[in-house]
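To keep things simple, chains are lettered A, B, C and D as they appear, and every chain counts its residues starting from 1.
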Amino acid sequence: MVGIGVIGYGYWGPNLVRNFAQVAGARVTAVCDQRAERRALVEQVYPSIQTYADVADLLRNPAVDAVAIATPVSSHFELALMALQAGKHVLVEKPFTATVIQAERLVEEAERRGLTLMVDHTFIFTSAVRKIKELIDNGTLGTLYYYDSVRVNLGLFQNDVNVLWDLAVHDLSIMDYLVGAMPTMVAATGMAHVPGKPENMAYLTCYFAHNLIAHFHVNWMAPVKIRQTLIGGSEKMIVYDDIEMSEKVKVYDKGIIVSESEDAVYQRHVGYRTGDMWAPRLDNIEALRIEAEHFVECVTTGRRPLSDGHAGLRVVRILEAASQSMAQRGQPIALS
Amino acid sequence: MVGIGVIGYGYWGPNLVRNFAQVAGARVTAVCDQRAERRALVEQVYPSIQTYADVADLLRNPAVDAVAIATPVSSHFELALMALQAGKHVLVEKPFTATVIQAERLVEEAERRGLTLMVDHTFIFTSAVRKIKELIDNGTLGTLYYYDSVRVNLGLFQNDVNVLWDLAVHDLSIMDYLVGAMPTMVAATGMAHVPGKPENMAYLTCYFAHNLIAHFHVNWMAPVKIRQTLIGGSEKMIVYDDIEMSEKVKVYDKGIIVSESEDAVYQRHVGYRTGDMWAPRLDNIEALRIEAEHFVECVTTGRRPLSDGHAGLRVVRILEAASQSMAQRGQPIALS
Amino acid sequence: MVGIGVIGYGYWGPNLVRNFAQVAGARVTAVCDQRAERRALVEQVYPSIQTYADVADLLRNPAVDAVAIATPVSSHFELALMALQAGKHVLVEKPFTATVIQAERLVEEAERRGLTLMVDHTFIFTSAVRKIKELIDNGTLGTLYYYDSVRVNLGLFQNDVNVLWDLAVHDLSIMDYLVGAMPTMVAATGMAHVPGKPENMAYLTCYFAHNLIAHFHVNWMAPVKIRQTLIGGSEKMIVYDDIEMSEKVKVYDKGIIVSESEDAVYQRHVGYRTGDMWAPRLDNIEALRIEAEHFVECVTTGRRPLSDGHAGLRVVRILEAASQSMAQRGQPIALS
Amino acid sequence: MVGIGVIGYGYWGPNLVRNFAQVAGARVTAVCDQRAERRALVEQVYPSIQTYADVADLLRNPAVDAVAIATPVSSHFELALMALQAGKHVLVEKPFTATVIQAERLVEEAERRGLTLMVDHTFIFTSAVRKIKELIDNGTLGTLYYYDSVRVNLGLFQNDVNVLWDLAVHDLSIMDYLVGAMPTMVAATGMAHVPGKPENMAYLTCYFAHNLIAHFHVNWMAPVKIRQTLIGGSEKMIVYDDIEMSEKVKVYDKGIIVSESEDAVYQRHVGYRTGDMWAPRLDNIEALRIEAEHFVECVTTGRRPLSDGHAGLRVVRILEAASQSMAQRGQPIALS
């Protein structure tokens, strides 16, 4: 039985508690939040959970084997490091950390101690993204050509992080999982329309080896909510629309046919191929439930999580380079 | 009565003939096409129109006061220059020319001779774009924040021009008309997925003075057809969806409210404002008909066309810089 | 302070408890459910609420001033009558009762005792329906011509009631509120595709005085979910789509223009009028919250509820006549 | 070579001429229209076609083997009868005739003379409807449960026929083709909102043997254009949306599972089945072109047309009964 301690009981913490409470082989033993009224809420709904105002106290509780950290990103590094040093397995909210150096340090600490370190890239546990992963891995899409994502709406302005760290982090974690490769270069541009606030809209491009390109539009100041990703492959193309109720993933048997012309060596004819569209059935299981089970399984068996510290580090590496590029008006930044 | 000669009777030429034929004060007197079967088609449907295989012959016809050029872009410069030198007013298909130097030369020639030179930026004559122009000009949108356009579908690969010159030219001509200012810098990235062919997808960013940013996604290899533009302003925002049948332009009374906080000088609170949505009625007049009337009026009165040679030049300037940036993987290019 | 007792803690009961718990001037004092595990759930989440297995015991609790009944429709009459006879105000889930006679009896009992009797027609408290009511009442729509509703999806088959009592009850309660008049005649047809089960799809027509017609399509066996109502008026028309996230109510300035022709007395020319579309902003307050406040206010002040027993009776009267018509393959039934 | 004469050159006639002109094995030899300006139009575009003001003259032309009648419905009977009696094969615009008796008379005349008689049920030649027919005939849908169609928009009011004859005729011809059976009973209700005009909205129900039901909503006074048909089968369900550009036909692997319960003989449990959705690729060939080829083939080979006089008669029979039912406020009418 894995004892789970949840650090931070704001917006996301209650979801973590609710889902871990339903995982066989785990139980939520402790919750920490500095705010007394949030602790009172825990005590009322879950009388059996021990509450703490101070993280150090929670970490001293031997009934806590692993912690889930759901606090603002600025505190992730310190809290995760404390937890690892206390011998606890760690699940951290996304973005993993505020800097690459912090992420590297946590990965190293966890590996040295043989502890599970996982980042809460929730979207990769949704049925939609798992289905797309399956279609990419089994070759249905063919060679990947592009990944194009739009995530915009009238959103909450943040004081401390720009829109890339708030919104693009979702898409980068999905792309990292689906593509399974690291970009070689990134470039980003954006704009801050409120003086004194970070960029509220941004465009990010990731270049990969072999002609794959990824692009992201994120925006806190759009009139409509759009959550649409186009994935182009040599054999099939996908439209993934997270707002659609019933058909989030549509697979198009469309593409191009390239034929060498006889009359000239360098002349190529490009024709179209249009075929059926197919929307696979997706199950309705809550992604966070699947993720909680995965974390508990990794803690129990030592298996490496799908979204381990390295995945979190890769996403932070892109975000850090993108912010750097954005500060230089789109100057491309190579990733080592 | 303005006599119109149409040069090129391929895809677009018949539309020009049909529309000019209905304009009061004009009549189509001549059509030129090298292909005999295209000329035969003209003769069958319009027995009164004189046909030519050679442009020089058409230009010698005194019943031709003005020409409309609907040939591939590579021939625009030569044909337009011939026509101007023959004293004819000129309407050129978009893109205006293949290079900035060509465009500048044509503008100069037309001005020196006092001839009307217009570029066929058809979209700016649609009821949707004219309505948006009205809403920007009368202050309804407030300060412009961004212009974001997506124009993608499974499209015809071209041999000679990349996707920017084929698709983004539409959006740049619309943006040029709506924004009424020239970008100070552009950056573009793209990818060619068929060896030996030009880029089939591209992302273009235009930077303006005063925090306005414009961005364009164009793609010949998308599974679905999207024609969507978001225009963000300080007071209102617009979604312009050219695929929508009945409500192409939607005006959202949405935005943000920035209030200075008392406790700290630099602290700003950003809240939301959400209100009604409004889709103005648009008339159904064919854009090309309005444009043809406008050209004839400009020829007759000497008035400067909305999409004159300077507008065409501005769009070509952006396309040329964008192609240059794309060749350098997104390196930003300043526009003088 | 109005003490609320909730009878039935299945699907809807928890929503009632949660919403009444937030109403100023009320508190939930008791919950009754025959199932021990449902009572245990209440006790865990709301330790201060008294639970009962037997309704008679709950009704004897003096801290219960009013009850909300959220049990299957077959038990509504008996439970509501018991509650009224115990001097409690009553809110009953929809459909109000299983028969007209039962509904009449409850209305009479409540009026004789001076108790508040309200039916949980939740939809009339949504911001969408309240906005439409406002547009009808202030004359924006003009004379009502028709009300056309489609409510279909792959739904739960029920054993005891046909699809009209399950789905059309929603639309009839909305129509009753919006139109403010009783149909003079109804006709319904339907089909049962599973032997031994009630009709799983049905079409219902309601005739009113003055050329107003209403029509309802309800279906448990549709491939897609549709929740769309068209309301035609002489001045404006409305599309109310409850699945739309942000623009549930669209008001179209469309209609017809009838002009008497000069050449013949009886000859009328009908032309079109097409204008803007407008989607009013709707607030996000939960309908059940507003309804709970309304019930408490009515109990406290003696005001007549918007969806009082008479409204519930009118809806049951239509449902009963419709079922009768359906059994006779669409034979129209006059309503006295 | 089949010589085609087209009678009536208004809205639809030019489409008939254009399509028959492209059919191998046929040529358009004659066009008749009473209006001189319509004949002039023919002469200008098609100098080789002989024009007539009088049908009798056209029918005397030996170069006319078959006629296509595209005049108002009130004249169909007389013109078709004249043509058959002159020994011409006949294609008649829909609705076939104004009454059942007229339709029967034409069918009889054509059969006695061994001439081809076809009704222009254009929709059954679209790629969408042909694909649905294939899916029904090969058993993909299983047993048909229902056919539900909505065809509404702000449409042209007609003086002589009600909305059923104008709009439902399309859906009835599609249903007749797809279902391949005649309803046993029909019922219709409708409303005329303009005094002196026929019904501008109507609901029509068709009952078949074996629990199949069909329903049609047609409306000239709707704020939006809807062209949606739901077809429910025991194995699969279809949504056919004629407004959709690229995916007009969607096949849902959804339905119900009925299992006999062990504990009671008459108790049945109904569960859901939800699976993939699939939108088959549809070709882009113009339906009227396919139909013209079919007519010419039938004339040449003596093959019976898909939409022969009997199909036209069946549709008129339903329309006549429906109008009768509508006049009696929905009284069901049995079809012999």
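Everything that follows uses one rule, which is that a residue touches a chain if its C-beta (ideal position, glycine included) is under 8 Å from a C-beta of that chain, and two chains touch if they have at least 3 such contacts.
Here the structure is a predicted model, which means the values were calculated and not measured.
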item	value
Neighbouring chains shared between subunit C and subunit D, ordered by label	A, B
Pair exhibiting more inter-chain C-beta contacts, A-B or A-D	A-B
Distance-maximising chain from subunit A - centres being C-alpha averages	D
Rounded Å distance between subunit A and subunit C, as computed from the means of their C-alpha atoms	42
Separation of subunit A from subunit D, taking each centre as the mean of its C-alpha atoms, in whole Å	53
Distance from subunit B to subunit A - Cα centre to Cα centre, in angstrom	39
Touching two or more other chains - residues of subunit B	224, 246, 274
Touching residues on subunit A, where the partner in the complex is subunit C	44-45, 224-225, 243, 245-246
Residues of subunit B touching subunit C in the complex	246-247, 253, 274-281
Residues of subunit A that touch subunit B when the two form their complex	145-146, 148, 150, 152, 154, 157, 185, 187, 189-197, 201, 203, 205, 207, 211, 213, 215, 217, 219, 221-224, 230, 232, 234, 237-239, 250, 252, 254-256, 258, 266-268, 270, 272, 274, 329-332
